[in-house]
Each structure stands twice: as structure tokens, then as C-alpha cells.
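Two complexes, one shared chain (subunit A), two partners (subunit B, subunit C).
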Partner chain A sequence: MVSILFWPLLSILVLVPFRKQNWAQWVNLLLHLPWVFFLIELIKVTPSGAPFGLMETYGTFPLFKSALVLGADTLNVSLIALTIFLSFSLSFYFLGHSKISQSFLILFQLLNFGTIGSLLAADAFLFYIFWEFMLIPLFFLIGIWGSENRVYAALKFFSMTLAGSLALLAGIFFIVTKTEVQSLAWSELSRNAEMLSAAAPWLGWAFLLAFLVKVPVWPLHTWLPDAHTEAPTGVSVMLAGILLKLGVYGMLRWVLQVFPTLYWNSTDLLFAASVIGIILGSYGALRQTDIKRMIAYSSVAHLGFVVLGAISTNATAQSGAFFQNFAHGLSTGLLFLSFGMIYDRTHSRKLDEYGGLASTNRFLAFTFVFASMASVALPGLPGFVGEFLILSGTFLQKGWWVLLPLMGVVLGAMYTLQLVKGLVFGKVSPLVESHPISLKWNEYVSIFPFLVGLALLGLAPQFLLAWINGSIPVK
Partner chain B sequence: MTDVLNIVEAPLSWIILLPAAGALLNGLFRLKSTLNGLLATAFCFAAFVVSILQFLKFPEASKLADPGYLWFQAGHVKAQMGFELTPFMSVMLLIITGVGTLIHLYATSYMSHDKSQARFFAYLNLFVTSMLVLALSSDLIGVFLGWEGVGVCSYLLIGFWFEEDKNARAGIKAFMTNRVGDLGFLVALFVAFAYFGTSSVSGIMEWIADPGRAAALPVWVLTVFALAIFWAACGKSAQIPLYIWLPDAMAGPTPVSALIHAATMVTSGILVIVRLWPIFATQTEVLSVIFWVALSTALLAALMALTQRDLKKVLAYSTVSQLGFMFAALGAGAPTAAFFHVVTHACFKALLFLTAGSVIHGMHDEKDIFKMGGLRKKMPWSHVAYLVGCVAIAGFPFTSGFFSKDLILTKVFESRGVLGYGLLLLAAMLTSFYMFRSYFLTFSSTPRSHEAEHAHESSAMMIVPLMILSLLSLFVGWLEIPHMWGHLQYFSHWVESSGAKAVEGHEVEAATEWLLMGIATIASLASAFFAYVKYKKGPVTSSENFAWKLSFNKFYVDEIYDSFILKPLRKIGTCLSLWIDEYGVNGTLHGSFASYRITGQLASIFHTGSVQSYALLMLLGLLVVWGVVNVW
Partner chain C sequence: MNEFFQSKIFEITSEQLSDLFPLLLLSFGFALSVIGAGLKLSSKFFKIIGILVFSLAITTWSFTFLEADSVVLGLHITHFSRIVGALVSLFALTSFVLFDVSKRYANRPEWLALLILAVMGLSLLPASHNWISFFVFLEFFSIPSYILAGYDTNRERSLEASLKYMLTGAFASALLLMGIALVYLCSGTVDYSSLQGHFPSHILSTLALAFLLVGIFFKMTIVPFHFWAPDVYQGAPMGVAAFLAAGTKLSIFVSAALAFSETEFYLRNDLMNFAVIAGTLSILVGSLLAFTQRSFRRMLAYSGTVNAGALAPLMVLGKETLSSGIFFLFVYGLTLALILSAFSSLLKNRNLDANGDLDPEELNLKDSQQSKFQSFILAAGLFSLAGIPPLPGFFAKYWLFSDLWAQGYRPLVMWALLGTLMGVAYYIRIAGKLFFAEKRSVII
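== the complex of A and B ==
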């Protein structure tokens, strides 16, 4: 666990001497190989079933009643696998890319460090450190390497998530100073769940708020379209692919497992918020003229489905929510990645300037359509498994209320097909004609894992479902 | 039907994997000349051969099964990707792969000048794969995989010539309308898992057959389940109110119209209902709904077909109308009649579409029948094929359409009385009229355009499938003849031994049956003769009155949907989203920053790009944290 956590930091040290862009990109790629090895080792020892079934303590900070405790179960290790998968695929995309400098890669690895850290942390204070830490590299990645409106987007993202995180911090300080709990360790907190809830009714909300902003749950989502749109491709992929899921992870780990009463009391509110998010997020996507903004809004709708499953009381929807994390990570990640490759050549995100990609680059056109079909939850692709389980579980629990989120299934197809039609089909537009796209070998390699992953998770999802089954506590 | 089930294991997944392999190969490799088409045809033919081998295992076996594998399982949902084959579905299997092979062969020649042949045949093989999944899956959730799969292939093939905006839009319309229908399928699946605990067809049937367990269900469950499935069927099989996509779907290449939008995919709604018949048989109200929706569709679409000038549009509305006949049979409690018509329709409508394709090919892509005429001499083989198709669909005596349509009309008379029978008979008369209208306008008289004068007959590779389909259209009906003619009722046997028994109704006497048969025959012959009188000399343009306009403009249904449902929904949604996101949430946010100005000033710090300003910002953050600490 320690090795998988600190490997990105070590990678940064290795990257420091390689000032030449080309070298840094290759070294970054090679540094992923040991990381994958550590991941496999971790997967081997990760127990299935109990939350944080594997826990290791490395040191303590008595001042904050906290300790360097790392925990692993299938819930977080699967997300770590997703992180490494995305980062590894992207490292191929980075090769030879003119914008990807040494400092970009260092910040990127810092982001990975923060991500893995907040996934593994089994101590509230430690979790908070990593959680905040993620913001710093992200802030600079968007603010420096983003497109025209990057500074506005970076600030908006930073301030909104920071506001959420400060609530979390306040909650943690309250626990340290005003309650009787011995430590901030997850095990201690979850053991004293009732006492914490009794201490201050707002405590759970303080935790929840941080995660709701991150997911993001409507109406806290407005940072997302800006951040995703302005961010450089690699960061958009990571944002959509993994960082949003950390919000859901946080809800399940730090609210459901620590403040279960509050969690279950808030489900009606969250149900409403996620349904509104699904419907208005879809309409939000529908009215966009900017391709990345469209994809970004689709994430609001998709994450609405995930939250819908996460607040469900049955295992069906809970597993669906968790599976949907992967489905969305791959499909939306691939949408951002394949569009990023187009954007690298054309430097335009305006949908009406595109058209006829299918006539000029069949592979990218296929990839984009494939990812779109995954995004509209076509059976045979993983989005269906996730959405179906979520909606089935919702029907079981809430009956005909399921018809509301079900509308999202139709709306999702509407904006996605509109996007596909504008970009892939139609006559070849002047923009597409004047910027011929021929992909380099490394770009093919970076797309390939996504295609295989989507097909595999769509047709044979059971290995993942069976593995993560049981680590999600159900009411 | 024997009560002892003899379930035999069979390699059903192979039938599916063969065209899947074809799709993959065609997707990966662009071959020279027509090799892509031949490759696709070969894989489809291979699936046909395996299908025949499975078909021959009946009647020793009562059901073939292939357990497949566990697709996914979580909580109360267990989705098994397994396959099973009942006798009636094995007939459909032969249609899908057999007619499919003929259409692939035809398309090899038809598409031989297209630059994207490989893509076309990849889609076509993928369609066959999905259709087979739809037909063979043992679980409804697997059926849904095929159900949406054929929808996507349909979307891709309708928009195959994607350079034209119209085609891409028709594809989207098909996909979206089907999605709306698919909500019904999803609801049915939710109900199945929540109340039956399974989506396997045999599992659900066991549940229904057990009176104890069936009684424990809330009363609405079966009704809602049946209605939801019917809603889905309305989408896929183009019934009111979701039929609107099918006429537009004609934007795709003609072999696609023949295979997907006539012979196979559009009948899947009927196939699913026949598979689930024991549930529908108990739901008499649902059957009434089905009957009247179907009857209205059959009539409305027939009225629309009367005035169309585009040859493919005539056939498209005719398909909608004929699908209405099939659902009417279901609504009359007669699954055999419905399935019988599925099969005969697959033969003669595929024939008609392929012939239309041959005509359009010979006319250099001119589809307007007003500009045709006199093609009888230019395209003799196509002429014969089209005539056979018309005779069959109009139900002239002893053709396949005669037997199947007569069976439907008789069943409707038995269970729905004179009114239902009379209206459906009217639809049948209209069918005969508009089909012969298109026939006379296309083939008789003299050429009315330059293209028609220089029309040429198509290649042998296109004609051979036409001839085979002509023979089928003429003779396939002899597999189910009226009782009073003798004992040759294969379809009843196939359907009933698959577990779908007709709803008990009062059987009419033989004399009545003869009478009904006579009425239907005379009606159809008279309508054809009327069309001959009216159109033998060419188009009649004098009659463009109000009724004509209504029919020609398809009763303005598309426009009504657009202005009263689609546009308002879109407007409201996007406005809400705009107001709430941009003015509501973002406005509040910007307010909390005091103003845009401060944001701008803050932003300008970054433009300096200096390390100091970053450090300052971090310091600020730390200060905020300390501030929070000090509050407590």
C-alpha cells in the first residue's frame, strides 16, 4: 500500500533531472510499469467483503489525534486500479505532445499522489490532507495549461471545492476538540457513529457537503462545465474519469460508514437533487455549442445516476452505482481523449464548425461513436449494466418514482446523438478538411485500452461486480 | 403439445458468433471489389446452415437450449446470457438467416459501387448478430441486448450515407423514437426482476403457470408488464403513436429497408409478445388495447400510403399497416395468425423492397413513381417479381398473403365482431389498392421520364434472390391452410408447441369461414381492378382535394408531434437549465465573490505567473484554515 501511494512521489524525483520534454514523457511512461506491478500485488492481497479489510498503521500525529493509517478493500482498490489505468493510458497520449512539459508531468503525478492518498487514507485528518492536496496540482494544471478561460475556470473550481472542503475541515476540528473520540482513525469514527451524530447534528452534513461539491450533485455542479472544458485533455480525462468518483467514494466511506443515520435521512433530498441533476444536466448538455462543455454536462447527468444508486438501500443499486463509476470513467474518459486528439489539430471546440469526421478519419470516428454508445448505456457496453442496476434497485425501493430518472435515458440519447451527428456525420466541414488528422502510433495505443476495457466490462462485467460486491455496506 | 419437455443442449451461440465474426472482419479489413459483401454473405449463410441443422432437431426435441454464461448479477438482478430455441422461433431463425443471406447476396451487387462497402457489410452482419441475440436469448434482458443492438444498427444504416443531413436526421429520429419505446422494455424488466425474481422467459412462464405464486402478485403487475412490453413493441414495430420513424427510415440503402425495416427487426415486437403469450392471454383488457391500436395503425398507414409518390415510402407505410394486421391478430387472441403473417410478410415485403431497389437502381436513383412507367418491358424480371409481391400482399387466392391475411380476418371476426372485421377488411382493400397503384404507375403504360426510358435490368446477383423470394411469397402460405381444406397446419403446431395457445373464442362454422374468405377475396380483387382502371394510363393529378392533402402530408402527425410535444419540451428544459445554471447558481456564486471585478483582479494575479503570487495564494489558504481553527 505504501509503495503504491508513494510511487508517484518517487516518480517526481526521478522526473526532476529530465528537463527535456521528450525524455520526461518517456520516463513518465516507463515509471508507470512498476506502478502497475504494485497495483497487481495490492489486488492480490485485498480482501473482498468487509470495509477496510486490510489496514496498516505507519506512524502517528498525536497533536491531531491522527495517524498515518492506510486501508484497502475492493471499494477503493478498484478505484485505484481505475486511476492507474487512466494515467497509464494517458502517458502514451502524452508522448510527443508539444504542451506536455516536465512540469506538467510533475504536477500530474502530484495529482495522482493526492488521488491515491485520499482513496487509501483510513484516518479522517490524513484523508483531508490528501483531499485538499489534490486541489493544488489541479489548480495549476487547469490554470496554466488550460484554454482561453482557464483562470476563471481554475478559480471557480478551486473556490467551490475549497468551500466544500472547509466544511469538512471544520467538521474534523470539531471532532478533535469537542468530542470524546480517541482518534480520527476511520475505525474509531465508525465505531462511535452514534456518539458523533449525537454530538452535533450538522457534523455529518459538513462531511457530506465536501463530497457533494466534488461529485458534483446539483445545484453544486457549476464549476464542472468550466473546469472540464478549460482543462487540457489529460486533466479532463482524469477529472471525469476518477476525480468526480472520489466524491461518491467519500460519500460511501466517510458519510455512509461514519454517519449512517444522517446518510439515510438525507436520501430523499439527494434523490431529488440527483433526479434534477439527471434531467437538467441533460438539458444543459443539449443547449451547448461547445463540444467539451457538452461532454462535461453529460457528466452531471451520469453522476446523477451514480448518486441515485449510492443512496439506495439495496445491493442492486449500490453495486450499480459503483459499477457506473467505471463505465462513466471509461466512456467519458474516451470521449474527452478522442476529442482531445481532434482538438490538438483543429484548436476549435465549436460543434457547428465540425462535420464529416467519418469521411476523414474512420478510426477516430469509430472511437467517438463507440464511446458515445457507451455513454448512452447501450446494452453490451458497461453503461447499461450500471444504469440498469441503479434503476432496477431504485424501482425496488421507490416504485414508480423511477420514471423520473428514467427520462434521463431518453434525454441522454438526445444530446449524445446530436453531438455525434455534428462531429462525425454530415458533410466534411472546412475546419475538418483543412486539418487532416492522422494519428500517431502512441495515440492508437492510448485509445486501445479504453476500447478493450469498454467491451470487456460491457459483455463480461461479472468479474468486477463479484469482486466489489460486499465492500459496500447496505442498510 | 407434450407435457414432458425434452430440452436438448445445442450450440446456439455459434449461430450468433458466425455473423459477429463477419462483422468484425468487415470492420477491420477493406477488401477489393465485392469481396466484403461476399464475406458477409458467407458468414450469414454459415449461420443459416447451422440454423437448419438446429431446425431439424425438432420435433424430437421440444426446446433447444444453450446455457451461455452469467452476464451480470448484483442484488436481486441476475442477468444470464443464455439462449434457447422453441419451434416457432426456429422458423424465425430460418427467416433471419435465410432471407438475410439472400439480402446480403443482393446487397453485394447493389452496393458494389459504394466506397464504404466494408462499413456497410460490417453493420449488416452486426445487425444479423443482434437480431439473432434478440430472437434466441433465453432471458428478457438478453432480448433487450439484441433489441437495442438492432436499434443501433438500424440507426447506423439509416444514416449510412451520412454526408446528407437528412439521412443522419432520419437515423436520429429512429433511434430516439425507439428509445422512447425502450423505456417500456426497461419498465417490464424492472417489474420482472422485482416481482418474478428473474427475467428468463421460462422462469416467468413457470411463475404464471403456478396459481399459488401468481395469486400472490399484486393485481396490476401482469397488466403493467404486458402494457410495458406492448409500448416497447409499438416503438420497434412501428405502431401508433411511435410509428413515425419507419417511413423516414427509408433514407437507408434499400437492402437495409428490406432486411431490417420489413422482414426482421420491425416484427420483433410481435415475436416478443408471442414468446410471452401466456401472460398476454390472461390480460383481456390489454389485448383490447392492442387490437384497437393495431387496427387504427393498419388503417391510418394504409390511408397514408394511398397518395405517396416515393416508391419506398409506399412500401414503408404498407409495412406499418401490415404490422398493424399482425398486432390485430394478437389483439384478437390469435398468436398463430400473427406469427404466420410475420413469416409471409417477411417473404413478400422483402421481395417488394428488393424489387423496388432493383427498379430504383435501374432508374438511377429516381424514386418517384410518377416519373416511372413502362418498366415492364425494360425490366422484365423485376416486373414479374413486383407483380408476385403485389399479388401476395393483396391476398390473391392461393398466394401466401391470402392464407395469412384470411386467417387474421377470420380470427378478428370470431373475437372482435363485425365492426373490427369490417374496418380491418377496409385496410386490406386499401392495401390491395395502393399496392396495385404503385405497380401500374411503375410498370404499365409508357415511360414518363428520361430515366424511365433508359432504365436497365439489374444483374443476376440481384435477380436470383428476387426469384427465390417470389417462390416463397407464392407458396409459403401452404404451410398453414384453412381447416376445412385439410390437415396442413404447421404454424399452429410450431406456435402452440412453443407454449402460445390461442385465446379460446367461439369458432365460426365452416360456411361462415367460406363466406368470409369469399368476401376478402372479392374485396381484394375488386380493389386491384379499381387501381387498374384508375392508374393504367399513368398518374391522376386532378384529385388533389383536402382528403388527398391530408393523406399526402401524412395527416400532419410529424408536425403535430414537433410543435406540441418536442419543441415545447426542449424549450422548457433548456430554458430551465439556462436560468438555473447561468443566472441562479452561477449568479449566486458570483455574488458571493462580491462581483466579477474581484474575480478579475484575483485572476490578474495569475497572469503575472510569478512564484510569489502562487505562494501568496497558498498562504491565504493556510490563513483561512487557521481562522477556522481559531473559531473553536
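== the complex of A and C ==
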């Protein structure tokens, strides 16, 4: 576990002497190979079932009542796999890209370090450090390499997520100073779950708030459209692909497993918020003229579904939520990536300037349609599996209330088809005509794993579902 | 007369001598630098003397750190006073290694003597055991620091800073002295240990505490006695500003906390209320004003007010919670020195005066391209001041806030966390300015 966590840091050290862009890009690609190897080794030893089945302690900091404890179970290892998968695919996309410099790659690896650290951390203090640490590289990645409005987006993203995190920090202060808990380790906290809830009812809310901003759940989602739109392609993919998932992961790990009473008490509120998120997110997506903004709003809606499943007391919906969480990383990641390739050539994000991509580049058009269909929940693709499980689980629990989120599915089809129609089909627009797109080999390579992954997940979801089964405690 | 010299004060054992050693060392350094200035020796001499004296002082203070407390010549040498001595010398050393003062003031080398005097005053202050010596040591470091603030005689701002600092400082000292007089009036003594339990609680004693706090808050730049700070931090030479901001705050913080705990003033509610109100106000006013500043160094001064605001309640909590405050100021001092030195060389690369100032809005991508390393340090320092992990500032804040929380200052910690959020507006935004291009130049 330690090797998989610190590999990104080591990669940075290796990257430092490679000033030249091409060199840095290639070295970055090669550095992913041992990482994938470590991942496979980790997957082999990860036990299925109990939360944090595998836990290792590497050192303690008694002053902060904290320790360097890393834990692994299928819940977080699957997300680590997703992180490494996305980063590896992107490292192909980065090859030969004129804007991807050495410093970009270093910040990118720092981001990976923060992400994997917060996934593995089995100690609240350690988790908080990694959780906040992610903001620093993201702030610079968005602010330096983003598009027109990037400074605004970076600051808004930074301050909103920091506000959530500070609530989490206040919760940690309370646990350290006012309760009898011996340490901030996850095992200690979850053992004392009842005592913590009794000590302060707001404590769980403080934790929850940090994650709700990150997911993001309506009405805390406003940073997301800006950040996703302004971020460079690689960062958009990581944002949509893994960072939003961390919010859901945090809810499942640090709220559900530490404050179960509060978690189950807040489900009505979260149900309302996620349904509003689904409908408003879809409606927002429908009204956009900017393609990346459209995809960003669609993320709000899709994450609404994930939260809907995650708060369900029903095992079906819970595993559906996690499956959807995973699948959304791939489908939206692919949407951002394939659109990023188009944007690299045309430098426009306006939907009405596009049209007829299908007749200029079939492969890219196919990819885009494939990814859209995956996210719109076409049977045979993973989005369908996830949403079906979530909605059927919700139906069992909430009855006909399920019609509300179901409306979101229809709205989702509407905006996605509108996007596909405007971008891929129709008459060839002057913009598309004047910027012929021919993909390079490395771009094909970076798209290919997404296509395979989505097809596998859609056709054979049972493998992932069986593997993650049991790591989420159900009421 | 003979009896006076035979009295107990002048009996010094060898252990006590080891406690005095760093002070003797500083005095020796002071004498050498005065003689050197008289002989008009070259700047190298002062550089060597300074580095030697301060690093030896740091070493001796840290080596004796674990020894038992002792009383020598009326000074109460405790591990608190030792650590303050070591840290203040460290701040002096950094301020002079990082800011290249010896070359800049080559023909006026008295600055070293003044700096050593200030360090001596600051390290003696926590060893005081009655209010009179507290006042004397406070003046001991104040007077050299007034002069040091105005050492850039060719810049008007520096002279203005010195004058403002002196006038307001003298006024605050007078009020502090008034407080001491009232303490004497109430209880007939100014000695810390005899004040224990002999301090009545009526309006006059509250007034006495209020006056004492004015003098202390003034040096700590706590609202509403912070007005001098922006002018001085902006005008004083860069190294002096870094030294004053951290060294003064550290020494005053520790000595005031020790004084309040030795005299058992800290058990009084009125003292605590004053501190909490001033702390809360400091966080609010400091954050708001830091955000609106059009000068980088004034911004840092106000951010110092915010930080001092969080320290104010800790000052009246007794000895147990002092460590987190000391660690906080240690991190703050080093971070501030790094930030200011990076900023100073950034100014130099722009062909501006290295002791000058800049509107933070003017910082841009060119600076970071021109001086990569400095901008990196500057940004890292700002993130650290803002308290974003894994930078050291976070751990300092974490320890401080959790101590405050444990003592029951929950609303204040919440307030301070909101202040941290405000920090995005003035720390993080400026860190961003260095690296983000004004106009769209990068397309991905």
C-alpha cells in the first residue's frame, strides 16, 4: 500500500531532471507501468467483504492523536484502480501535447498523490491532510492551464471546497478535545460510533458537509460547472472521473461507517437534495450552450443518482450507487477526453458552432456517441446497470417517489441526445469543416481502454458488483 | 555599600553562570560590534560577528533547555525563557542571513549592536518576575527596534514608520506603566508571586488589567491597538519587519502569559473577556483589512493581526497551553521571513528597491518566470500562512486551535476557521496571481 501511495511522489522526483516537454511526457508514461504493477499486487491481497479488511500502521504521531495508518478494502481499491486507469490513459493523451509541460505533469502527479492518499487513509487526521492537499495542485492546474475564466473558477472551487473541509476540521477538533476517543484512527472512531453521536449531534453533519460539497449535492454544486468547464482536458477528466467520487467515498467511509445514526437520519433531506439535484442538473444541462458546461451539469445529475442510491437502506441500491459511481468515472471521463481532442483542434466550446462530426472523423464520433449512450443508461452499457439498480432499490424503499428521479432519466436522454445531435450529426458546420481532425496514434491508445472498460462493465457488471459487495455496511 | 555587594543577589554559582552565558555572549557581541563600528571595520566583520553570536546564542540556549529552572540576578530562567531566547536569536539570524543587511548598511554598521540589544531585551522579557522588570525589558527591546525600523534613512516610509512606531509605542508604554501603577495601588506589590491571591476584584483592578492589556496588545498588534503595524511593517527595512513581527510577538506572548499565570490574574473573568473580545475583533478586522490592502507588506501586517487574534485568548490560559502558541509563532516567524525574503528578491529582479513594496495586484506571471524559485517559496509560504496541509502552517494552526477548543473557546475557533476561509481571498489569490497569466495565453 505504501508503494502505491508514494509512487506518485517518487515519480515527481524522477520527473524533475526532465526539463524537455517530450522527455517529461514519455517518462511520465513509463512511470505509470510500475504503478499499474503495484495496483495489481494490491488488488490480489485486498480482501473482499469487511470494511478496511487490510490495515497497516507505519508510524504514530501521538501529539495529534494520529497515525500513518493505511487501509484497503474493495471500496477504496476499486477507486484507486479507477484513478490509476484514468491517469494511465491520460498519460498517452499527454504525449506530444504542446501545452503539457514538466510542471503540469508534476502537479498532476501531486494530485494523484493526494487522491490516493485520501482513499487509503484510515485515520481522520491523515485523511484530512490528503483531502486538503488535493486542493493545492488542482488550484494551480485549473488556474494556470485553464481557459478564459480560469482564475475565477480556481478561486471559487478552492474556497467552496475549503469551506466544507473546515467544517470537517472543526469536527476533528471536537473529537480530539471533547471526547474520550483515544485516537483519530478509523477503527477507533467506528468502534465508538455511538458515543460520538451522543457527544454531539452536529459532529456527523460537520463531516458530511465536506463531502456534500465535493460530490456535489444541490445546492452546494455551483463550483462544479465553472471548475469543469475552465479546467484543461486532463484535469476535467480527473475531476469528473475521480474527485467527485471521493465525495461519495467520504460519505460511505467517514459518515456511514463512523456516524451511522446521523447518516440514516439525514436520508430524507439527502433524498430531497439529490432529487432536486437530478432534476435541476438535467434542466441546467439542457439549457447550456457550452459543451463542457453541459457535461459538467450532467455530472451533477448523475451524482444525484449516486447519492440517491448511497442513502438507500436497500442493498441493491447501495451497490448500484457504487457501480454507478465507478461507471460515471469512465463515461464522463471519456466524454471530456473525446471532446478535449476536438477542442484541441477547434478551440471552441459552443454547441451551435458544431455539427457533422460524423462525416469528418468517424472514430471520434463513435466514441462520443458511445460515451453519451453509456451515461444516458442505454441497456448494455454500465449507466443502465447502475441507474437500474439504484431506481429499483429506491422504488422498494420509497415507493412511487421514485417517479421524481425517473424523470431525471428522461431529461438525461433529452440533453444527451441534444448534445449528440448538435455535435455529431447534422450538417457539417464551417468550424468542423475548417478544422479536419485526424487522431494521432497515442490518442487512439488513450481512448481505447475507456471503450473496452465501458463495454466490459456494461456487459458483465457482475464481476465488479460481486467484488465490491459487502464493503458497504447496510442498515 | 559593602553589605549590598555581599547580598545574595551577587552570589552566582556555576550552574547559574551557565544560564547567564547566552546573555553574556550577546553582551560580548554587542561590545565587539560597538568597537567595530567605532573602528569603521568592513561589513564582513559584522557579518561574521552577527552569525557567530546569534548561532552560539541559539546553541547555548537549546543546550540548557532541559535544565532545571533557576533564579539568577532576579531573573527567572525557565525553559520558556530559554526557548524564547533561542527562537528570537533564530529570527535575528534568519532576518540577517536572508536579507543581506550587512552589505546594505556597510557604512552605518551600528545596526548589529541595535539588533543584539533588541534580541537581549526580547529574551530577557520572559525571565522577568515582576511588573517593573517587565516594563524595563519591554523598553529595552522597544528602543532599539524604533531605531531599526527607521534604518533606511533614504526612504521616507522608513522614517515615518520609525516615528509612528516610537510615538504610539511610547504612548502604549505609558499606559502599561499606568496599569502597573494601578496594580501597585490595588495590592501594594508588583512582584508576581506576592500578587498571587492578593489582587482584589473591584473596578480599579479591572481598570489595571485593562491598562496592562493595552500595552501588551499594542506590541502583539491586536485590535484595537494594531494601527501602527501596517505602517511599520511596510516602512521598516524588510529584515527588521520580519524580525519584529515574529520576535516581538513571540516574546510578548510568552512573557504576558507567564506573568498572568504567575500572578494568577488568569483566573479572573474580566481578563479573559477582554482577551476573547479583542481576539475576535482582531480576526474580523484583520481579515477584512488584509483583503482590501493595495500593498503586499500591509497585507502581511493585517494577516499578522489575524494570527495574533487567535493567540490572544491563549495568553490568559496559563502555562499548560503555551507550547502550541510558541510553536505557532515559530512557524509563523520562519514562514514570514521566507515570504519577505522571496518578495524582496522578487523586487530586486524587477529592478526595484529590495526594501520596497508592491501592490499584490501587480504581481504577475512575469515575476514567476523571472524568478522561479522565489515565486515558488512565496507561494508555498502564503499557502502555509493560510494553513493548508501538508505545509507547516497547518500543523501550527491545528495544534493552536485544538488547544483553544479544548479550553472551551469553541465559538472563537469557529470564528478563526471562518477567518481561515477569508484567507483564500488574500493569501491564495495572491499566490495564484504569481502563476496565472492575466490574459488567456494557454489553450488546452
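Assorted remarks:
We adopt the following convention: the second predicted complex is superposed on the first by the 475 of 475 C-alpha atoms of A that agree within 3 Å, B and C clash if a C-alpha of one lies under 4 Å from a C-alpha of the other, contacts with A are read in each partner's own complex, and residues count from 1 in each chain.
Heads up, the rule we're going with is that a residue touches a chain if its C-beta (ideal position, glycine included) is under 8 Å from a C-beta of that chain, and two chains touch if they have at least 3 such contacts.
All values derive from a computational prediction rather than experimental measurement.
In the superposed pair of complexes, A:Ala200 makes contact with neither subunit B nor subunit C.
By the document's definition of touching, both partners, subunit B and subunit C, reach A:Leu155. Once the two complexes are laid over each other on the shared chain, residue contacts for A:Pro461 go to subunit B alone; subunit C is not touched.
When the two structures are aligned on the shared chain, A:Leu451 is found in touch with neither subunit B nor subunit C.
Of the two partner chains placed around the shared chain by superposition, subunit C is the only one that A:Thr233 touches, whereas subunit B remains out of contact. Once the two complexes are overlaid on the shared chain, A:Ile129 sits against subunit C while remaining clear of subunit B. After overlaying the two complexes on the shared chain, residue contacts for A:Gly393 are found with subunit B alone; subunit C is out of touch. Once the two complexes are overlaid on the shared chain, A:Leu68 sits clear of subunit B and of subunit C alike. Put subunit B and subunit C next to each other and count what each touches on subunit A; the higher total goes to B. Contacts of A:Thr177 after superposition on the shared chain: both subunit B and subunit C are touched. Taken together, the two complexes place residues 136, 140, 143, 151, 154-155, 159, 162, 166, 169-170, 173-174, 177-178 of subunit A in contact with subunit B and also with subunit C.
Touching subunit C in their complex are the following residues of subunit A: 63-64, 97, 99, 128-129, 132-133, 135-136, 139-140, 143-148, 150-151, 154-155, 158-159, 162-163, 166, 169-170, 173-174, 176-178, 232-234, 340, 343-344, 347. On the side of subunit A, the complex with subunit B involves touching residues 136, 140, 143, 151-152, 154-156, 159-160, 162, 166, 169-170, 173-174, 177-178, 219-222, 279-284, 286-287, 314-320, 323, 356, 358-359, 362, 366, 373, 378-380, 384-385, 388-389, 391-393, 395-396, 402-403, 406, 409-411, 413-414, 417-418, 421, 424-428, 459-462, 465-466, 469. Residues of subunit C touching subunit A in their complex: 383, 388-390, 394-395, 398-399, 401-402, 405-406, 413-414, 417-418, 420-421, 424-425, 428-429, 432, 435-437, 440, 442-444. By the touch rule above, subunit B contacts subunit A in their complex via residues 27, 69-77, 119, 141, 144-145, 147-149, 152, 155, 159, 162-163, 165, 168-169, 172, 175-176, 179-180, 182-183, 186-187, 189-191, 193-194, 570, 573-574, 576-578, 580-581, 584-586, 589, 593, 599, 602-603, 606-607, 614, 618, 621, 624-625, 628-629, 631-632.
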